[in-house]
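Order of writing sets the labels: A, B, C, D, E, F, G and H. Residues in every chain begin at 1.
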Amino acid sequence: GFVKFDHHRHLRQGFPEVILGLGKTPEQVVEILKLVKDRNHPVLATRCNDEIIEKVSKEIPEAEIHELARCITLYRDKVKIPEGMGKVLVISAGTGDLPVAEEAVLTLQMLGNPVEKLYDVGVAGIHRLFENYEKLLDARVLIVIAGMEGALASVVGGLVDKPVIAVPTSVGYGVSFNGLAALLGMLNSCSAGIGVVNIDNGFGAAFLANSINRIGRNVKK
Amino acid sequence: GFVKFDHHRHLRQGFPEVILGLGKTPEQVVEILKLVKDRNHPVLATRCNDEIIEKVSKEIPEAEIHELARCITLYRDKVKIPEGMGKVLVISAGTGDLPVAEEAVLTLQMLGNPVEKLYDVGVAGIHRLFENYEKLLDARVLIVIAGMEGALASVVGGLVDKPVIAVPTSVGYGVSFNGLAALLGMLNSCSAGIGVVNIDNGFGAAFLANSINRIGRNVKK
Amino acid sequence: GFVKFDHHRHLRQGFPEVILGLGKTPEQVVEILKLVKDRNHPVLATRCNDEIIEKVSKEIPEAEIHELARCITLYRDKVKIPEGMGKVLVISAGTGDLPVAEEAVLTLQMLGNPVEKLYDVGVAGIHRLFENYEKLLDARVLIVIAGMEGALASVVGGLVDKPVIAVPTSVGYGVSFNGLAALLGMLNSCSAGIGVVNIDNGFGAAFLANSINRIGRNVKK
Amino acid sequence: GFVKFDHHRHLRQGFPEVILGLGKTPEQVVEILKLVKDRNHPVLATRCNDEIIEKVSKEIPEAEIHELARCITLYRDKVKIPEGMGKVLVISAGTGDLPVAEEAVLTLQMLGNPVEKLYDVGVAGIHRLFENYEKLLDARVLIVIAGMEGALASVVGGLVDKPVIAVPTSVGYGVSFNGLAALLGMLNSCSAGIGVVNIDNGFGAAFLANSINRIGRNVKK
Amino acid sequence: GFVKFDHHRHLRQGFPEVILGLGKTPEQVVEILKLVKDRNHPVLATRCNDEIIEKVSKEIPEAEIHELARCITLYRDKVKIPEGMGKVLVISAGTGDLPVAEEAVLTLQMLGNPVEKLYDVGVAGIHRLFENYEKLLDARVLIVIAGMEGALASVVGGLVDKPVIAVPTSVGYGVSFNGLAALLGMLNSCSAGIGVVNIDNGFGAAFLANSINRIGRNVKK
Amino acid sequence: GFVKFDHHRHLRQGFPEVILGLGKTPEQVVEILKLVKDRNHPVLATRCNDEIIEKVSKEIPEAEIHELARCITLYRDKVKIPEGMGKVLVISAGTGDLPVAEEAVLTLQMLGNPVEKLYDVGVAGIHRLFENYEKLLDARVLIVIAGMEGALASVVGGLVDKPVIAVPTSVGYGVSFNGLAALLGMLNSCSAGIGVVNIDNGFGAAFLANSINRIGRNVKK
Amino acid sequence: GFVKFDHHRHLRQGFPEVILGLGKTPEQVVEILKLVKDRNHPVLATRCNDEIIEKVSKEIPEAEIHELARCITLYRDKVKIPEGMGKVLVISAGTGDLPVAEEAVLTLQMLGNPVEKLYDVGVAGIHRLFENYEKLLDARVLIVIAGMEGALASVVGGLVDKPVIAVPTSVGYGVSFNGLAALLGMLNSCSAGIGVVNIDNGFGAAFLANSINRIGRNVKK
Amino acid sequence: GFVKFDHHRHLRQGFPEVILGLGKTPEQVVEILKLVKDRNHPVLATRCNDEIIEKVSKEIPEAEIHELARCITLYRDKVKIPEGMGKVLVISAGTGDLPVAEEAVLTLQMLGNPVEKLYDVGVAGIHRLFENYEKLLDARVLIVIAGMEGALASVVGGLVDKPVIAVPTSVGYGVSFNGLAALLGMLNSCSAGIGVVNIDNGFGAAFLANSINRIGRNVKK
């Protein structure tokens, strides 16, 4: 009885149930998942640590585990991509950013978005980005994920005129301050109009990208 | 010769020229404005202090001065709202947030967006927000502008399923730390998928809102 | 011999003995508990980690363990609610805030206060709060417990004219900075007159609420 | 038209209108004051700078100016102290804390509280505090105002069992960080149950003290 | 060969060798201790973790382990208190401060100072301090050790005219920021002339106290 | 009455009256100075801004103004150096540190200490320090005053075995953070036993140096 | 007599005298300049504010004023470029960075380096940088000067294999924190081996570039 | 397929492949090392934790493990020192700085630089530095590695006219803030022209030193 379910949210927002694993005990996650399962509704759990993943695997065998993304899903196959959705391009700078990128990708898919990936294109070797310029132009929304100094967001933002969402990651050491340096870099970007979310918040970026993407869909023609 | 003009930007981005007044001398702003004027292209200068405004008023009498927004425009009348654009709703919490809100409004208009305003609806008297619930639902993109603790963004984000862009302002004192508290609040919002821009950056929020709004327009039907 | 007992405190303040487990070895906690036990006086130990709980369970079997709250009590049944006390309402935003909320509840009870709970009513789904508006109005003192951006305190503060005590929690990640964002939000609240305590300090909030609640009791009629 | 008045607040909260001068132009303050004046309701404006005070003095001659407190009042004489209110004791550490202390005193009076003052009793000469021990015991609520390291709050909190509200001030230099050191000191106080408000926020402390004091009054006997 | 021994230091400074265990491997500490042992000179190792203590116990059985202080000594019995030294009083606020206090005591003793202890006298129960006023007056130098808000230093500093050295400790949680709040409090103390050392640096405080104490000794009569 | 308090600080501490100008109005400083003057007692006012200095010059013509130190004194000639005092050496790194150094010198003199100065010996040209090695050895207490990175304190601390008091100054720019970098450097000094005071607090360092110096004097032979 | 001249520095380091104007009174700067002038040696004064510039212009008419760079020079014509020096390229992002860039240029010239400039090439329009790729390859040392997020340093660092020195500037607002965001970005750069100097420290970057450039000259062939 | 190899980098930069172990799984490091191994090219992996080292030892037996430096190399013997390279001197302050120093040394060697070491010469015993003055003068580039207050960089910078690169380390406790204090000290150094890299970034310092050293080599005679 410790949870007040927001039964109307997925109606109001066209959205699967989402659970933030962080700060919950494995028992609590299992209890919530089972509640949702009974309603046959797609569900995504993010930021699940090893204990949660182990417990869920045992108690709910039909749950899909996404190791790299630290996520769990149920009824993923029920999700359909609605008509009118554009491509969302998920760009990441380095290997360490992959868990955040994959969390974003999974969220986008659960929300019904076609996703394109462009990984390992950090600005230290900027030619890797330019070799994929077509992909940049082809997307309707772009998510840029980078740690350390986060310069990738500024470079991408200067190359496209589509909405760019930037996700700083905690990749780095010393004065990266667990992602703070990247966050500040993205908020101060000299490329105008980049929307920033919390450090490592791949989920939030995907959620925003989805609400943007749906505009193309909902627009009264 | 101190400026390398980016002649392709307005083509590439469908955009009037924009000048950041901050960090420029009045002489520099006038020089740039005159350069742009010769090309008959709409232009917006933001964050203009008293010295800049005085100098420009004298040297370029046809320039429009927007005192509250600390902005200057030229050829504003040339801007037309393109077909397919939705309403952008600019929400602000208190009187001190008005300059930032007006910078956003002006930028949106220069970029060709229909704008709706909802001012002075801070959460201390939350009924003021609910009395305008229709306006919230009517917008395609929402910009929420608030200082102090910035809680307005979370409340609005929980009420709509459209993209929300949050602008923390430097309104406050003590541990508001010139907008840092509001920024942190918005980045940590428990309402999912809010895109945040730099403190007092009304321009950046409007720029992002515009790129989102155009999706409805550009979408290949 | 390492502790100078403040024998007069519970007389001076009408209070059971309270021990802060944090920074003490299990041996030290056991030693202190035994000292107090001999005086047959109610006692509460807060912030007890697994080692302390294990040690105390073994050495003092009559001690009550409150797992979720990370607390230990002795002689809880000796506490009576004095006449004239009002209801204290403990409101929390999410699942992760429960340990802090339960620490507050336990402290309030040990101090002789009737407690009402309203859990899982974070502002992302603000309707959950409004559905319980009666409870808000029915309380004499309100404790609001929230992590992330802490906006719940501002919303509650705007709805009632009773004293509101806000407890930021360390729930969150990235720029929540272990509760700092919530703390700053609460200190900057646009709702006037909210008293704030340290991050995760459910005990302190309850202690203050009790001293407020007793005013109704002590008041010379 | 830039202000949405919250006409119900003083009904809902039994409160005069309050205006935060900070971040408003002198013209805006005058406009609001005139609006309220027409309703014959008591009003308090805090954090008024020299420009505001000058403008208001000229435009609304019947306004009372409180120079040290940086406040302006209208219809102060209409405020009556309701039955059942206790004494609120306002304690301050040094000369530099006076403006904040006076803002608190004025707010308390506007809200109908009997006020006692105990100024210049910083802990460097702790005997000054002990010489006034009777005053401490005589109060129903205590507000402690101090800058620098803010130790006064801890000392007072240890001496009384009544609610203590602490206000850090920006008095100090170097690593006082404009009041941050005092704020941290107060939030970490080893004396339990001190409620803290924002730096220099005499108004907020008084507002909270009033809502506490009224409990004695409202209590159902 | 990784250490350049400062053979002249104990001559230049009248001092036993001191080793900082922090940041050294157990092997390195053992290697250094053996080097010093061969010179029959008193030695003190501070901030030794469990691995170091275990390794040293095994390899150098004659080493004295001081568990609470996290220190190791050799040839402690060789230290004599020189003529003319005064008493150094080590005052601490709570149980969590004991390791730092004991590190200071041990260092003082190794340096040849008579030490008096006054533990568990935090300002929340200030009468405990006053009951020991004689001890305060009897000391030539005072070391005050406290975490949380560190107010004890200010109170002690206001009561004596002898040199006071303050040591903030990392005891606390939330916005104690691992001792930063106490440090800031001590640096901003309204009691004049308190010398502050790094967080948890009992060694440094004792070292300074010793150099002060020796003035009484060295003074040319 | 558990303590017999000594109401007269200058008797208890052998000290002239000291006024902190910061945070006081010129009128307040004049008022206090006049009060003290009537008692014919030496007095020192520190951190006096231009307005205070101007006002005092006009109203109390016999007051001595110390422009560089931003201080004011009265009855300075009444101060005598007591027997048994040693030399206090005031060392500073650069030109910008002079106001703080002079505040320390003046305070030392008002407290009856013989003072030696060694200015402009920053570590960028370390030979300047070594050329004055004799002065270092000749002092009983040393005050080291430096901004920027504050390395001078570590170097001096490594060369002498007398008490060293370090004063960080706000000299610098960028990440000197108004003296914070120097403060951190001094608190982390690898030279053991340096006592640190607040940024720019020449007064506090001198006060501590005096209490140390007096040990040589008071010592029971 | 307040300055201890380091007469050997220019011999030891092959360098003109340099004066930091910041923190000095106009009188002090004039006095030092006159001292140097008498020795006929080239001299550079940096960070000179309006008062210093005015005073020097009046008192030393032969001094060259460099308004944009906030610098003053004497005997600049005496500086010769030694054989074997390579080109130093000074790159800057935007108009606001010009004062820092010009300070660097002037310092480089006073130290005998051939300088090339590449201004206004911020990454928001990255094509401006690529159009000047030849200049990048042609330099022996590169200085990159940028505010806001400072991403330019990472991009340049990825394109060349020559030493890159990065200078963050205080250009920006909000969470640029006066250059801190740019500094963090540069220190965390994913392009390896960038040496960073203090915010706005064009002088320091030039000084380092010179010492690097001279290696080409001094190398024993 | 998760890595986009930058095949041209070692050509473009004359450089062995370098892998940052931090943030990579042991499997990922092994996979990359094997890819590089097949190309017979020298490779260096830095910041490898115990898991990585164990996995690599098992899977790639010919890999060299450098325990203290936390690094792994392959084909180290293929590296030749090119003609014209000068000596790089690596100076460190204390035992705790050794891992960073050794990472720098290893990187320098892999890049083809003759390396000299000068360890354990912190400024608390400054004579140790002066006894090695010849070594300072003999180097073409100097890397200074220090934690705590980082004063060593300033002292070295004042003694030589060659390029100095400073590496702050996370050695220390309390307000060393894991290397931040040392970083700030180095950025604020009163010795001109020190280039600073991220905390603990021995690799980056070596990379920069190499690019400087090569100037002597590449210079067109």
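Keep this in mind: contacts are C-beta pairs under 8 Å (C-beta built on N, C-alpha and C of every residue); 3 or more make two chains touch, one makes a residue touch a chain.
Predicted model, so just to flag it, every value in this text is computed and none were measured.
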| item | value |
| --- | --- |
| Longest centre-to-centre distance from chain F, chain (CA-based) | A |
| Counterpart interface for E-F, drawn from G-H, B-D or C-E and sharing over half of its contact pairs | G-H |
| Greatest separation from chain E - chain, by CA centre | B |
| Inter-copy rotation, chain C to chain E, in degrees (Cα atoms; steps of 5) | 90 |
| Separation of chain A from chain E, taking each centre as the mean of its C-alpha atoms, in whole Å | 51 |
| Between chain C and chain G, centroid-to-centroid distance (C-alpha), Å | 57 |
| Euclidean distance of C-alpha centroids - chain A vs chain D, Å | 46 |
| Chain centre separation (chain C, chain D; CA means) in Å | 26 |
| Per-residue multi-chain contacts in chain A, two or more chains | 94, 125, 174-176, 180, 183, 187-188, 192, 198 |
| Interchain contacts, given as pairs of chains that touch | A-B, A-C, A-G, A-H, B-C, B-D, B-G, C-D, C-E, D-E, D-F, E-F, E-H, F-G, F-H, G-H |
| Residue numbers on chain C that touch chain D, as the complex places them | 12-15, 18, 84, 86, 140-141, 161-165, 183, 187-188, 192-198, 203-208, 210-213, 215-219, 221 |
| Residues of chain F defined as touching chain G within the complex | 94-96, 98, 119-121, 125, 127-128, 147, 171, 173-176 |
| Chain E - residues contacting chain D, complex | 93-94, 122-126, 148-151, 154-155, 157-159, 172, 174-177, 180-182, 184-192 |
| Residues of chain D touching chain B in the complex | 2-4, 6, 8-9, 22-24, 28, 47, 170, 178-180, 183, 198-201 |
